[in-house]
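All chains are identified by letter, namely A, B, C and D, in their written order; residue positions are counted from 1 within each chain.
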Amino acid sequence: MIDLRELAFVYPDGTRAIDGVDLSIGRGEVVAIIGQNGSGKSTLVKHLNGLLRPTEGAVLLEGEPTLGRRVANLAARVGLVFQDPDRQIFAGRVRAEVSFGPRNLGLRGPELDAAVDEALLAVGLADAAGANPYDLGYSRRKLLALASVLAMGTPVIVLDEPTTGQDSAGITRIQGIVASLASAGRTVIAISHDMRFVAETFRRVVVMRAGRVVLDGSPAEVFGEDSWPALASTYLEPPLAARVGARLGLGSTPTEASLVEALVAARG
Amino acid sequence: MSGRWVRILAGVVATLVAIIIGLSASGTLDATPDPETGLPAGAHRIDSIASQFTTRTIVLIPIAIAINIVLGQTVGTALKIPLYLDSIGTILVGVLAGPIAGAVTGLLANLIWTFVLAGTPFGSPFAWPYAIVAAEIGLLAGIFGYYGFFRNRPNTPTPQLVVGTVISVVVLGALALWGILPAYTEGVTFFGDLASVDPIFQLVAIAIAIVLVLALVALVVQLLVRRNLGVAYVVVGGAICGVISALISAPITEIFFGGVTGSGSDLLVAAFQQAGSTLSNAVLQQGLIQDPIDKTLTYIVVFALLHTLSRRFTARFPQGERAVGVEEG
Amino acid sequence: MAWRRADQIDSATAPPARTGGASLSPADATYLASLAPPAPTTYHRLNPLTKAAAATVATLAAFILGGYIGPLTILVVGVLPAAFAAGILLKLGRFALLISLPVAVSVALVSVFTRAGETVLFVIGPFDATLEGVDFAGQIMVRLIVVAMALGLFGLTTDPRALVVDLEHRGMPPRVAFAAAATLETIPAMIDRATTIQAAQRARGLDTEGSLRARLRGVMPLIGPVILSSLTEVEERSLALEVRAFGRPGRRDLLWSLPDSSRQRFVRWLLLVVLVAVIAARVTGSMPAFL
Amino acid sequence: MLELRGVAYRYPGYARSVLQDLDIAIDRHEIVGLVGPNEAGKSTLCLVAAGLAPASIGGTLTGSVLMDGKPIAGLPVHELAAWVGLVFQDPNTQRSGVTGTVFEEVALGSVNLGRPVAETVARTRSSLATLRIEHLADRDPMRLSGGQAQLVAIASILAMEPRLFILDEPTAQLDPEGTRLVGQALRRLAATGTALLIAEHKTDLLDGLCTRIIALDGGRVVLDGPADTALESDGLTGIGIQPPARVRLARAIKASGLRVPDELEQVAAGDRSA
């Protein structure tokens, strides 16, 4: 579904933010991209909907190069939620903000209303539809930004740091949204710094450093002991469960559930 | 020739006076007036000027200046629309913080633009002569804000709506007839002998009249459909600001820059001059087309923005509650 | 009034740091001096006020004198040697040309071809270029180049922070100093902000290349977040400043200052006298004929 | 040292109070973690304790806020600034934007207080040294990583030498490396003996640092106790606060009827001392 071929991107100031990435993500995959700030994660995802154009290499969506396609068209296929909700909110009412995206895609009338309602319900803002977005706290504005892209119904959804500023209820909600998107066959790609969220929510983890992919695999592979040196080189630390599991010689246990499971198995 | 120099001198004096007012207004901040020390008469006014410069206002000023400089360039370029919007920040400060704060922002903006930013890619050595125009824009916005021109007035009752519509049509019509039109027709209005005017300018006058009538009709329709008299206030305010700005900036443009600003609107100046206007008239004719449109659109944008903002937020600025109103419902 | 404290810096070359009980060690004094923006040449090292006064007088005099000889004299006698001394002659030339180019093109268009005149030089279609038009355009361009060079020289040799710090030493209220100094950093941040917002809205399907109607609909989504998020930030920024005791009335002891000298003060007064003389000559009509 | 007596606070324009019936006293040398779900009133409490609300923000405060037994009502914020320091989430909005070097940025608060230069220099030096960021002194404050910028923000408050240091989610906007840097800085702050009040979601960061935990929900204190017991209590989980990873993991293991291996505490202890 998404194919990055030999992708490289150089900013006008000469920074080589992406330095040869080959990555292919299938329909319905749920992928986390992790790495330090400045490792090229955000630059990478901006290529998926054409906001940035490759300096070298190509981006293919369903086998078709995105080259020459307008962002306004690609937006119907790849929805991108930016990290800071305040960089997009312009409407005086929550509902109007969420309608903006689907309206741009040509949705009108009951179809539009249904899409907006569904998105608001998913993020738990149904009762705030008439509120002023700036009367909501930061964490709810962030959910609003998520809803405004969910409502566009794109086959691919990219989330940049979705859990920043969320409390545990918010994180659980986002995990639920990712799971239901996946079960609906939509592709979810998320950039995150929250290792526990990554280990528990995603089936595939891509680790980036200095514009390259250094690790790519399941959470068990990426957080397993063999990968620790590579992780350490990007200042990332595996979740506590993984480290305790390794210490106990139980293999790779990236999540709490997997650690408990391994402990039970080890005893039995 | 000597007449022109008298005008320049008057302009310089006016600028100096404005700077002195601005500096003394901000200067009073250092010694926050103490009500117990028995200040002389008139201290009340200084107090109210000082109260326009809270920390929020001070923090808002550089941001407003940046908005002026950046927004005009990026939005117009991104959407390929000839919208200048280079005074949104100044107008916002005027409305939210008060007339003096608005005027000082305008003045400072152009001085900073010229001097502080001189060596950077954002600086402009040609901005300072317009400092007085920027100050006027901020001042007017503050005054309009003080008198509630930016308040939202949804569901205006019909009698009020009709009276308001009539008044705004009369004001705008008068502004057009005596403020804009005579600049194209050597002082003749539609009530005078238009036939004595050069045919080209007869056409220009008629074209302008048609555009104005269409704009008025659109305004009236908007008013009747939305039943929100706030729109009328904003359009009237924007049009007044535009005409005054054009009147002030035209001589500046003529005297300092030979009538041009280095933007696309210079083509209009060339066209009017080719059609027979003197340079000073051509500059004014160009300004009277561009400025009222630009300022009216800017006022509408500012109005929309102010009402997108949470009232709880605007209320934290010195004039916010008065200008935008308080939370409805 | 704002400038009342000028006497406090009048006595010494550089205003000495008030040290209270403890005294500043020479090493510390050297370190603090190193915090001031670097100044590679003697011209850079002039007090910002001196450079500002020179730029302002050159600019105003160029306008008031008019014609060719006055402004060109200012350029050749004043601005160019100073730029040479500061080692930025080429850079300044490039800067001045770039910044006056759009205006120059317009002036040529408006003045050369459409200005009424007697002596027609050549004709292109309906437009005739007249000698009077060329003369007028020439005068304007000479003036603009002088202004761009004079102010550009100031800008390229003066760090804005140095100007602001110096003005505060001279009694400008700290609040005005803040507004002026903060603008410098705010602009690049605002450009970043506007760029990100544009990206975020395009990602939501905003069409910036469609019909005029579609593009007009994009105005609010592009402007709105710039202003709304800036205003939200105003709140946070002002709280963060207040926590740092911003707005405390009274004088602050700044960490560094810029040297001034009696010679520079004399030059500034001289510049003022020249300016007044030029104005007086123009107003009374006693300007020498060759100007 | 800081005492809130029956405090309720309402923002201007809001009908509802964000804080209600707060009775909190924080003593010298105490290191207090403030937890609670989003919109529970943590940030508001920070603003009230620092004297910004209502002095700068407006709104209505009932009850009293005392600093060393003296009510702070009516005191201008700049006078309180030498007593209480407040660090916010976003390092970018805390940067003054008027300084060319980190040294000047850190010194700014002290300069604003009108302190003599020699004193400002000494305090700035010691503040940079305490947080071990002397190497940043000559850098441009605009060109720092998020974590470094937040350290500079902390240092610039520290240089004012407040008696109570409040931090409102200091790591919320940072990446893992930045969070680690700020975590270290918090430990170094704690070692200076200044009283700390840290609002934070990441209970792992508070674990082993705080002496006391206060939990807010719906603007009221729902839990207030020593850190070691509070972080392991079910009360926190009840209001939706994730306990530290070691506590969660131990619970999950116990729930499946197993003994908690010692290795868990060993690995977690290693994290805390890192």
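The working rule: contacts are C-beta pairs under 8 Å (C-beta built on N, C-alpha and C of every residue); 3 or more make two chains touch, one makes a residue touch a chain.
Quick caveat, the model's predicted, so the values are computed rather than measured.
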| item | value |
| --- | --- |
| Pair exhibiting more inter-chain C-beta contacts, B-C or A-D | B-C |
| Between chain B and chain C, centroid-to-centroid distance (C-alpha), Å | 23 |
| Distance from the mean Cα position of chain D to that of chain A, given in whole angstrom | 30 |
| Whole-Å separation of chain centres (CA-atom averages), chain A against chain B | 45 |
| Residue numbers of chain D (touch at least two other chains) | 56-57, 97 |
| Multi-partner residues of chain C (at least 2 other chains) | 164, 178, 181-182, 184, 186, 189, 208, 220, 223-224, 228, 232-233, 237-238, 241-242, 246-247, 250 |
| Residues of chain A touching at least two other chains | 90-91, 134 |
| Topology of the chain contact graph, where touching chains are joined (line, ring, star, complete, other) | complete |
| Of all residues in chain D, those that touch chain C in their complex | 47, 50, 52, 56-57, 76-79, 81-82, 85-86, 88, 90, 92-94, 96-101, 103-104, 107-109, 111-122, 142, 153, 156-157, 160 |
| Sites on chain C touched by chain A in the complex | 193, 196-197, 199-210, 220-221, 223-225, 228-229, 232 |
| Footprint of chain D on chain B - complex, ascending | 55, 62, 311-312, 315-316, 326-327 |
| Residues of chain D touching chain A in the complex | 37-39, 145-146, 172-173, 175-178, 180, 201, 240-242, 245-246, 248-249, 252-253, 255-256, 258, 261, 263-264, 266-268, 271 |
| Chain A-touching residues of chain B, taken from the complex the two chains share | 307-310, 312-313 |
